[in-house]
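The chains carry the letters A, B, C, D, E and F, assigned in the order they are written, with residues numbered from 1 in each.
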């Protein structure tokens, strides 16, 4: 059972146990020993929770992430950030039902993608997918919707490296390509359990742990944003002009909504309303709290004042780090992970980054990328029973650590190469950057013909 | 007539306005400005980025006054707005060629 | 079964299957064939979801709709919009428990209203209502609360046509009358299934489809707002002064919260946490995403820039249009509906409306009214199996289309006449419009003695 | 059964029925009469609701309460309020898993505190706690997380009396001490049902009714804020300078999120998704609506205009008052309670407070303290069947009233003394107040080195 | 040349600007200010706290004009901005010593 | 003494301020204004409603300077703030009758 409990959430139902009750029974029969096959039934408590979890992840995107990012840019670019997040998330949703779900979870093909159920062929309100508990299912539409929001938020996160200078049209092209060649394959690789090792996702097959998307979402988005920031180059006036956040109030609202919504992300990845979801729930509370406090402490240790932006950044660092570990850690492991990620991200963002040329404008890499790496590797440790983790007695830290590191490296390389391709295609089709005049005057007027505020 | 421009610390506004009312100033126009001078500003840090602009929030008063009253206005402002600390601000006096009250079209000192 | 699945949500339980377990058993017995009567039981998964759905609809009102509308007015009228939304919604809640629930769902009377359960007489924590599945119930208090939020948001939507000039006291009088003579009867007509055809709601009896309130909420509110805008006349300075939205940031927050809350609306209207709710969930994601993208594309096609206000407007148009179809459509039908509604509303609001004299200030009609009409009529099409809809093989598009159009016409006429009466009564009692001085200076100071911002 | 239904939510499971299934069975066996012991099972519908409820309470804190309070201060102190709320809530979460849960619900010790389960010793994803229904359980991690958010919001509420002048470091010290000596003991006293009267919480043992925290949360926080305001002294310029709220828009957002989140608080305190939760749901809607309308009416009666800040204040007053009564009242009792609390708080805040020297800056006492007292005492009345309440026929109003008053007095005294100690310790360690220069210039720059807005 | 400062009611801005364009004023600078004068402000109340500052939102225009045009500018503003009600504002005229157009370096009336 | 008013493009503020510091200007007062002139603004559209005001965000500097320094101040601003594109702004110079430092009561050039 432990393998199921600790494995990445999401894919196993669509694969191993089959996507419908009928399929599940077949699978059970094939297993040979099932004289009295368990009749899989949809649990309404689980369904209730998973619908709610889906709504919570949407809350993370709009208004959550949109505000978190929007508050950090200058007034003249506020609307462009809000529009970019809303539009790429919308695009991701439409693409998801066309070929995204098919490529990620649509059925057995190989270790890199699925193939099947394109345009949701054959899915009806009566289709169900298995959860991690034998005989327990949820409606497939709910599972598709839940996973849809993951695709949508991941591509939205990338915006954080590109703000205040990237063309809206270029971003849309990028999003389309990037989802197809980066996100859907990685989701498959991490979360899809096929009928055979050859059709099971590569990293899932290795036994990599990613409860709610440390690799799929955060490393992926963080690395891609970094690549984008490098290709785009820094904003005009970077390091010479004042680029203070125009409204930390908005960033705080975004932080709060991200935190609240993240329970859909983390506890929702249990796919059921059970003790595992409860564990993810409490871990997502305390890791974040630790992130808040330790970023502020790091600021103090560096001789600065503890700041609200620090507290908010720490919250996100904690949330990111606990994502792969949410059901793979005890509460004190989660606190440790949140604290360590917060301190390391703070050191990077406050002390290292200002020395680099790089303009990862809103620290998509510095927080999501780095935090995701720390979380993914850290999950090997939080599993330890000594830290309150759920690993069995024969758990081998060394080998799991190796797997986690290998999985992180695969994700980094895949995301970097894929993102570079996607940005290049966008550059060829639309050009990447707005004109200097538009950049000076602000993307709100230049790209969208509006002002955020007319007080 | 004189056109008096005073830059003061924001929290002194109410006090100054009352003091001016007391000496018979019937009106003034107030705006929010940023002041740059000897007074040092506080450094702001947002994640790694440090900004220390020395641009401090100030309040600007514009007061048209008769020649008779002008000196007293300057004196009143100077005394009320002073906190004996750097950054208390300045008072500038310009000559005012004419004044018109929009409502009535009155001009000159009657328009004040 | 299909009729139940596709029918308007909400009323059937309170009527056909009875409001308590005992009543349900009686009904089963009366049905004659029930040798082993199904003992109806409350499902806690459904109850969990319906409580959550109720909270989500409240989230749509405050802060959702309040911010969406508030961001669109000028600074000097911000508080008046927020206050109006908060106060009419509160009023609607109190009226609902006094005579609203009684008039809409209180018990058999005729095709236009219910009668019974005034002041919630006889309802206790042990009272239950049936859902769409035989033998499955939810607590009646939950159902009453869920439906309460529908009444509250509908009257709040009307505010969109009246802002920046209507007296607060007049609005309160209007709300009281309008709920009583427009909302409660229409809710009954669309959603109440009585024991006999004579006591079943008129439109429900016809077989009109309205899953989550396209007619009851959106057409109703949109038409009433239009009537109000006509009676009030345009704002001072309309078309000569700049009336740009004072904070599109607030409008974006409102949009996001409306979207998130709308799942309570749409998926909640399934009354259960099941596959039908899952279908409504995914439809409400993709229709909205399509609305976002197609409004922006329409702007481009008209030679403008794609704007955030456009994206937000498109989101709402998509949400409105998918409301009656939420459980009566497949995901691609929903995408189509969202796209069509978004394009048509955009054309109306961007190209037609500026040529009219009419000051439907925040496009309550142009988006909710029009979108509701498109959605209600479109639902006849999305039902088609060819579009992935849930209709049975013998589904007759022509006759259903006729029913939908007839239902839309009834709603338009009823709302128009009722709203005219309600505004007239308010005019007689309090006068409708603030003085020109108050309108110039802003309703915030003039009506409420406050300013929204003191930076 | 009535005692369980009406009793304070939360503790009973952890005590009387034991914290795990095994313990529960033991308890049943000890009871002697259990020939066929009920096998306690986790209900997933309840679990789904309780996870959701936990998220909702977090939504109340960040961004809810942070914005509600933040909007009311001057621009220059906005960030300090946001930071204070975020940081003390985070601190409370960490402390909760270390010794808070142990002291409040950790196991039998005496009438003032629990002792056990420090650092969550022994709690696993398979640990469960009983609810109010026999044989129904929820995962213990969910219960711990739910109660964690109560501790976090209570200490955050205290901030309302201390804003614009208290040192951040002092606040953190205060929070640590106050949680330990005030909050955890009071939570134990009100909600913990031990195996014997000697280990049952003092007020719970008396039979004091507090469904969702009128005493534990609101009286507690309100009185402590008052003590803090007295010790700190008024803000510089209090009553001479203009201290108008810098953004009532933020206060409205906060109000809406507090209202939405409060369903987690009130309906969540049922611990199940059942009719009792449904009752709490509808009560929390109508009491708040009544609070909104009656505060505005009181303003009118006092010769002022009805204001948005009044409406928001009334909403909170209604919410606070209905908290102890949420499941202990019928809807019309709740309306009455909301209205009475709103009128009395409005009279106090609008007419009495301005005459006092006291600077309870954001009326933490005037609304939470006073509203909590009114609600706690009022609950004795709303229980009456004549008001639609759930009391049995032999209910003795007089004796229950006596119990409620006694419980309120104990809470007031305990909170006042404990808060005074906590503030004194903070004063000794860090000093309580920022320098006059920092207070003039604003705590945002002085304490956190940032500005809220750079438009 | 003259430097004309006019304080007007905010909602009159568009009208005044159009009227000035019509008589050949090619540019002006506008800012938001608060005015204190005979016109009474509205009282604001936030919970118990009453604030009545008499500080009302106004718009300030600054217009550099040739001596020839200056009188007409004043007259146009006075007539367009007047609503015959208290608080309509004032027009102040100062002497302008020199003007420079930054783009070209031109000075004097050519720079207007 | 002279009272110099300069209207410049907002993104030039830092550069101008540094250039002025370099020539010995110890203080100035800055405010945000809207400029109306030859430079055309961008059209904004909100749903169907089009607004094109030609009111563009500018920054206004006010600098009191000794007669000696005044010409150099004007020249420095003109050169630093110019981008050779329309809308770069104007510099206006007025005579300044008197100056007072509020903190000390000093007057004249000592008060600058």
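Criterion: contacts are C-beta pairs under 8 Å (C-beta built on N, C-alpha and C of every residue); 3 or more make two chains touch, one makes a residue touch a chain.
Just so we're on the same page, UniProt names per chain: B, E, F = Nitrogen regulatory protein P-II.
For clarity, every value in this text was computed on a predicted model and none was experimentally measured.
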In contact with chain A and chain D alike are the chains B, C
When A-B and A-F are ranked by contacting C-beta pairs, first comes A-B
Distance-wise, how many Å sit between the C-alpha centres of chain A and chain E, to the nearest whole number? 54
Using Cα averages as centroids, what's the distance between chain B and chain F in whole Å? 18
Counting in whole Å, what is the centre-to-centre distance of chain C and chain D, each centre being its mean C-alpha position? 33
Among the residues of chain E, which ones contact at least 2 other chains? 31, 44-46, 94-95
Touching at least two other chains at once: which residues of chain A meet that condition? 43-46, 48-49, 52, 242, 244-245, 247, 253, 304-305, 307, 309, 449-451, 453
Run through the chains and report each pair that touches. A-B, A-C, A-D, A-F, B-D, B-E, B-F, C-D, C-E, C-F, D-E, E-F
In their complex, what parts of chain E are in touch with chain C? 11, 14, 42-46
In the complex, chain D residues that touch chain B: 237, 240-242, 440-441, 445-446, 449-451
Considering the complex alone, what residue numbers of chain E touch chain D? 44-49, 51, 53
The answer for chain F against chain B in the complex is residues 3, 17, 26-31, 62, 64, 94-103, 105, 111
Under the touch definition given earlier, write down the residues of chain C that touch chain D in their complex. 42-49, 51-52, 54-55, 58-59, 61-64, 66-67, 70, 78-79, 82-83, 86-87, 89-91, 93-94, 97, 119-120, 124-128, 138-142, 144-145, 148-149, 168, 247, 250, 253, 447-455
